[in-house]
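Here subunit A shows up in two complexes: once beside subunit B, once beside subunit C.
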Partner chain A sequence: MTFQAPVETYKGAIRQIDVGGVAVGGESAFPFHSFDGEMPNDPKIAFEVWDIAPDDWSVTLNGVYGDTFGDSVAWAKKVVDEFGADMIYLRLRGTDPNGAARSAADAAATAKAVVAAVDVPVIVIGSGDVERDPEVLKVVAETLGGTKVVIGNAEEDTYRSVGAAAMGYQHSVVAFSPMDVNLAKQLNVLLSQLGLDEGSILMDPTTGALGYGLEYAYTVFERDRLAAFSQNDAKMQMPIIATVGQEAWKAKETKVSEDELPGTGDLVTRGLMWESLTAIALLVAGANIVVLRHPESAALIRKAISSLKGEA
Partner chain B sequence: MALSGLQIFKLLPKTNCKDCGFPTCMAFAMQLASGKAELSQCPHVSAEAAAELGEAAAPPVRKVTIGSGDMAVVLGEETVLYRHEKRFEHPPGVAFLVDDSVDDAEFQTRLDTFKTQEFERVGQMLRAKLLAIESADAGTLAARVKKASDETGAGIIVMSEDAAALKAAAEPIKDKKPLLYAATASTFDAVSAVAKELGVPFVIKAATLEELSELGDKCVAGDFKEVMLDPMSANLQDAIRDQTYIRRSAIKKKFRALGFPTIAFPCRMTDEPLLKTVYAGVFVAKYAGIIVLDTLDPAQVMPLLILAQNIYTDPQRPMQMDQGIYPINEPGPDSPLLITTNFSLTYFTLAGEVEASKVPTWLLVMDTEGQSVLTSWAAGKFVADAIAVFVKKSGIDEKISHKKIVIPGYVAQISGELEEELGDWEVVVGVREAADVPRYLRGLST
Partner chain C sequence: MTERYTLTFQPGGVVVADAPRGETILRAAMLADLHINASCGGSGSCGKCRVKIVSGEVESERSAKLSDDEWSEGYRLACRSHIMSDLEVFVPETSRMGNAAVLERESRGDRKGRLLTPAELQSLVTGWSLDPVVKKLCVQMIPPSENDNLNDLARFKKALKDEFGLSNVSIDSIWIRNMPHVLREQDWLVTATVVDTTYGSKVIELESGSHCGEDYSVVMDIGTTTVWGQLLDLGEGVTVAQASRYNKQISYGDDVISRIVFSQKPNGRETLQQAIVDTINEIVDELVTESGIERERISHMVAAGNTTMTCLMLGIDPKYLRMAPYVPPADFIPPVRAVNLGDGIKVGRHVHLHTFPSVASYVGGDIVSGILGSGIFDTEQITLYIDIGTNGEVVIGNKEWLIATSCSAGPAFEGGGIKHGMRATDGAVETVRIDPVTYEPTLLTISDAKPIGICGSGIIDAVAELLKAGVVSQNGKFDVGLPSDRVRTADGSNEYVLVEARYSGTGEDIVITETDIDNLVRAKAAIFAGIMTLLESVALDWTDLEQIYVAGGFGKYLRIDQAQAIGVFPEVDLDIFTFVGNGSLLGARLVSFSKDMLKAAEQVARTMTNIDMSDNPMFMDRYVAAMFLPHTDMKYFPRMEATLAERAAGGR
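Coming up: the complex of A and B.
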């Protein structure tokens, strides 16, 4: 019996969407399965930038960004000019009412300055506080009217106001759902019912880091993509964004030295591995954008993507 | 050629005796057809039927065991392409490669490092269990294979292009089930003869899947069962294609020639140290059986082993923590007491936030069969009477001087009943999300 290539072809494909002038998605098979289908656009690497100085980041990251903490524009320029960021994921953590509680106008001014300072797409994300995000993101959407950005997160409790703000000023949204295939779909359905074009939605199905629920995220991503490919489900064909850096660098293993975790090796290497292994697994499972923090793990992922495309 | 459930059924005794563990012969036949049962489970099947069925009843990916005792690595027996369809069965064996670039002193150092390197995670001990020993010199190969096996107890992958050298090195440790690497088209007869004589598994390797299938066909024809495949992928694109094609051919087409676990060498696909481990991550996700590294750096090996543990966790059986008292940040008698369930993700997330808060805290983890707070509450496991029994028996009252317990915000509704059940305790409703725990704990202590 001779070998015959067991190719899988699918009915459906991921929508190609325009993120601030950069095409994302469009693949008709799992990422890098070029034997099954097309992958017209490489996955993108976004870097996380905050509007305030983080006080809970790993010392490894503080060493990279410490001099730009508190200056979002300098931080954004650094990740674009020095680290080759494809996109910026601007987290308005400062608007958290239980934290710095910055005003919406201040946060929007920061977002505007960052957008003006870099020539890559910007994704502007609220603090995650469902009371505060609608108010903040509305002002952000308005302030950035005329420039196409992505705002988020639109989630179960906030999708109406965030979706409306995006529609009002022709922005796209990140639809955030808590690690569940059905909830992800439901949110996409609700956003489209609101009138939002399906071509302006990115899905964030929740990322779990290595050792902290990665297997759940991995499988939800795979099932999301199977729904898009095999079932040709239009409400599941949005590109996926994975917040890898924020989850990976939360892990104890990325923050605690070898003195406190004997036999676990160098803290910096451990952190890079935590972030890059989380990223590579989720890229294979279906992520179109990975949001990273460390430039060296970004460099590793970029090289791995080259090899996955057969270029190295 | 694979048989259908009905074809298999016709060859079974049709007595519905249930000795196989299934209710009827038909049910057993269907399980055999899908590779989820073994023919040996039926004690009554006739010899002729067994011969006819043997081929059809074998698992789509053959089981291969390398090494022995605690260090044995079992591979194969996979039945799905996506873990949610059932589960991935056997996590990849991680091997550490020693080749001719390593001198004898360094060899000893590496064996010593290898021996002691293990990592505990969620109650499992994780480690690299295999040593791949390669040498162009037959004498060096034999000496190192013997030494590595004797000193570490690891499963050994014996690597040489020469069948005689493979035999000389593997024979003294043949009872430890070393893996011979590798038979090519030109050495297949010689290497497979050694494997047969010693009763050990071997690898077949070829640069294309067509050529690899031809070697695989020879293995099937020669009744070799313990075989592994090296498709010699040059880069990650080829790797994903080869691994995916092999797994699909075996499972969806019951293509016996490729129905064996694979071995991969990410350490030889790039020169960059950390990138090798990232490549290895792709092989963990995409079906590899053995993954060969050339580093023992724990900062790389531990994350890779955890990735394998994650991907090979049974989706139907979440990882669980042991029930008990977990002190965080060196708590004392006055420190606050939190209770949660033993779903490992719940525990890790909560423990991480408590640690980050730097507030000394007692964490009481209750066995809810690995279910999260809301799920176990809904299932009647994380409820007032059960929690009260656990708290009283846990021994926590010997460690703290207060009688105040914080329950997760998601089960606020049980607080009244729990207070009644616990008697003289005060039950406090905490926050719903772990992310809010640091602020909550800092608020408690002020």
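Coming up: the complex of A and C.
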């Protein structure tokens, strides 16, 4: 008798959505489970770019970007041309009212310049300040009217205005929710109640880095996907974007030298392993886009994707 | 039987059948889902409910809101016009919701779950006879003579035996002390109040003369937030008066946990006991005043409360109720003298107070009482019983098995933690409809008084309507962009004006705030999650339930369909729902009326198994899923899903 491996067939699949001309999602089973279902599109790697020079990034990253910090266009070109970014994740950190407090118009001008300079899709994200984001993202949506981008984040407190801005100019949105399956779904429901097409929503269910909640993030991603596959829940079938770089490079282990953390090995290697391990775990759990910071982790992830697909 | 009449409303010829005689036209119309504008809750002050009586007879009072001409043309205020015959009523455009051209009855369906009449409520449990544990017996003795020189006590006992077959009767010593005088005062006719105890009958009071047929008891539901009391006529087996008060312990904490914490402070336990005794005394005062019955005629008390409330009332230390493994101090507590609690409940010193047995720390006598009073302990059908209160209690089972849990819902359903919340008493907004086009509300208050606040059923109704009209999103937040002055931002938070100051009895706007909605959502989520978790623990689904009994201090109405709209229950068939009102009181009444029921209560407590939610990891997940209107998972809410989808499509 020959062994017959069991096959999981699911009722539902992830929506394939168009992110600025690039197809994302569409899988009918967990990523890389080619024995269970299809994965028509590889997971994508987005690179994080800011509208101002970050002052809290690891020295490791300063070494990579130092000269482009402060010039978002040059920075974006670098990640596309040199590092092969599939997408840009443009964080308008400068609009934070407690930081540089840039005007919405200035920030939108930066976004416009970045969009014009690269030929990959751009995801434009506010500073995360729920008071400021609606205003900034409205101007961004308007300024980039005519070019399809993704704007975000739409959160529980901001989804109405951010959703309306996206709908008004035919952009997509990132729906950002706390790390909880129900809350993620609730936000998707609210956005679609608003009239936003379910095919223009990416969900960011909150990422936890290695040592900082990765296990929890993993199970939440997995449960998000199970709701999409097993229960065929249309409100949970949006592709997932995971902000891996931002979380991984926040960890002390990616910032502190070996002198201070004896026995933990070289800081640079440690940092990019931190980012890569977080990314690969979440890709397996169901992430469709991982947002990274370090080019070498991106290279590692790309290799991992192709070997998980059985290509190498 | 109250007579019932048929009303025909024009234009449109909408028929409302079965309106009871004396009901106002407004109430009859609204309860039948026919909208007539009413901004003042039916108190006759807004003048918006003008209708014209085309034919038939109404009893109506003259109103300054109607001109002489209008009056003679037949115009009346619908809220001030009592139905006295079949009627044909014309509703002018200005009184129609959304100024519709033709009246239309909303298609909410005719079924709203069963509402029981008082008589029906009392026949939920059958097979018992009026045989109270405390009785008054009129004893006529033959006076002593030379050849019959039996002593007073023996003579009295002999009479009890000869006339009532009571042997082995014990007598409180204080009555023996007064006996020589009492027996002779009215020619050897006395009234003995006799209680059945485990050790036989005991005379607890002796009065000269005949007081038979003047035998009353007070039964109470000691809620964490609200205390309800009824005065019962034990001879007739009927309720004479009813009263309620907020539990005065509220000042020391909203829920049972904070009360237990407070009880551990110096004098805490005494303070809390006195607070509930004071509350009970106010209720007894009102019952006595309302009914005109003398306080001395009360001979028995029964109280049903959750385990913490029972402990605090009796002065028992509740400390270990909140500590694992959550063991209550006692299940069956013997009756105590009411005058011995705190400074004393103001009744005769012979009056004993019976409490209901508890099952566990968080499944108390109130739920045992509810199961008894609703007859679940005696049914074959698989029944879900839910007591919607501060401590939401859920029981599933039938005569063979009962499984129970409780989930802390908070006081929102009783009007607590709600800005303009109040108990279900006069002036509380209890029914709300909101026009999905103009966002204008239509209201009814309890007793058609000027609105002064909103009670639990009013809040459920209001939030259900706000949700359906799109004023509130599924996350309970207002859409402040709507073209209506009723939705506004005040002091940094959003609210909906339910009653404008000019029509309210408080002279201020009555509003529903986002925080109110938040509290209601938490409360209903706890109940829904508790039911789900309990169902799963016995591997049942909603569809397995044959009947659902809903209890709670909601006044007369709880619209089950509205409760479904906000997700207290899923949209299972309304026919299997029965709203029983205050379930704990139902059981307490039975126990006061019949000593067999006292035994049945003990049986219920023994049958019931408790499941502790704090140990259950699924509960929290179910809770978060239910923190949405009506729920994150719409599979239980197909009707609402369609309504909301329609609204979203309309909004695009």
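Annotations
The working rule: the second predicted complex is superposed on the first by the 310 of 312 C-alpha atoms of A that agree within 3 Å, B and C clash if a C-alpha of one lies under 4 Å from a C-alpha of the other, contacts with A are read in each partner's own complex, and residues count from 1 in each chain.
Keep in mind that, in the parts below, contacts are C-beta pairs under 8 Å (C-beta built on N, C-alpha and C of every residue); 3 or more make two chains touch, one makes a residue touch a chain.
This one's a predicted model, so the numbers in the text were calculated from it and none came from an experiment.
With both structures placed on the common chain, the touch criterion links A:194 to subunit C but leaves subunit B unconnected. Set side by side, subunit B and subunit C differ in how many residues of subunit A they touch, and the one touching more is B.
Judged by the touch definition given at the top, the superposed model places A:183 against subunit C, while subunit B stays out of reach.
Using the contact criterion defined above for the overlaid structures, shared-chain residue A:21 touches neither subunit B nor subunit C, since it reaches no partner.
Legend: residue contacts after superposition of the two complexes on their common chain; A:146 is shown touching neither subunit B nor subunit C. In the superposition on chain A, the residues of subunit A contacted by subunit B and by subunit C do not overlap at all. Listing the residues of subunit C that touch subunit A in their complex gives 473-475, 479, 481, 621, 624-625, 627-628, 632, 644, 647-648, 651-652.
Taken together, the subunit B residues at the contact with subunit A in this complex read 82-84, 117, 119, 121, 209-210, 212-213, 217, 235-238, 240-241, 244-245, 248-249, 252-253, 255-258, 269-270, 272, 274-275, 277-279, 281-282, 284-286, 297-300, 302-304, 306-307, 310-311, 313, 315, 345, 348-349, 352, 355-356, 439. Interface of subunit A with subunit C (complex): residues 156, 160, 180, 182-183, 185-186, 189-190, 192-195.
Every residue of subunit A that touches subunit B in the complex is listed here, in rising order: 1-6, 8, 32-35, 56, 98, 208, 210-216, 218-219, 222-223, 226, 250-253, 263-267, 269-270, 272-274, 276-277, 280-281, 284-285, 296, 300-301, 303-304, 307-312.
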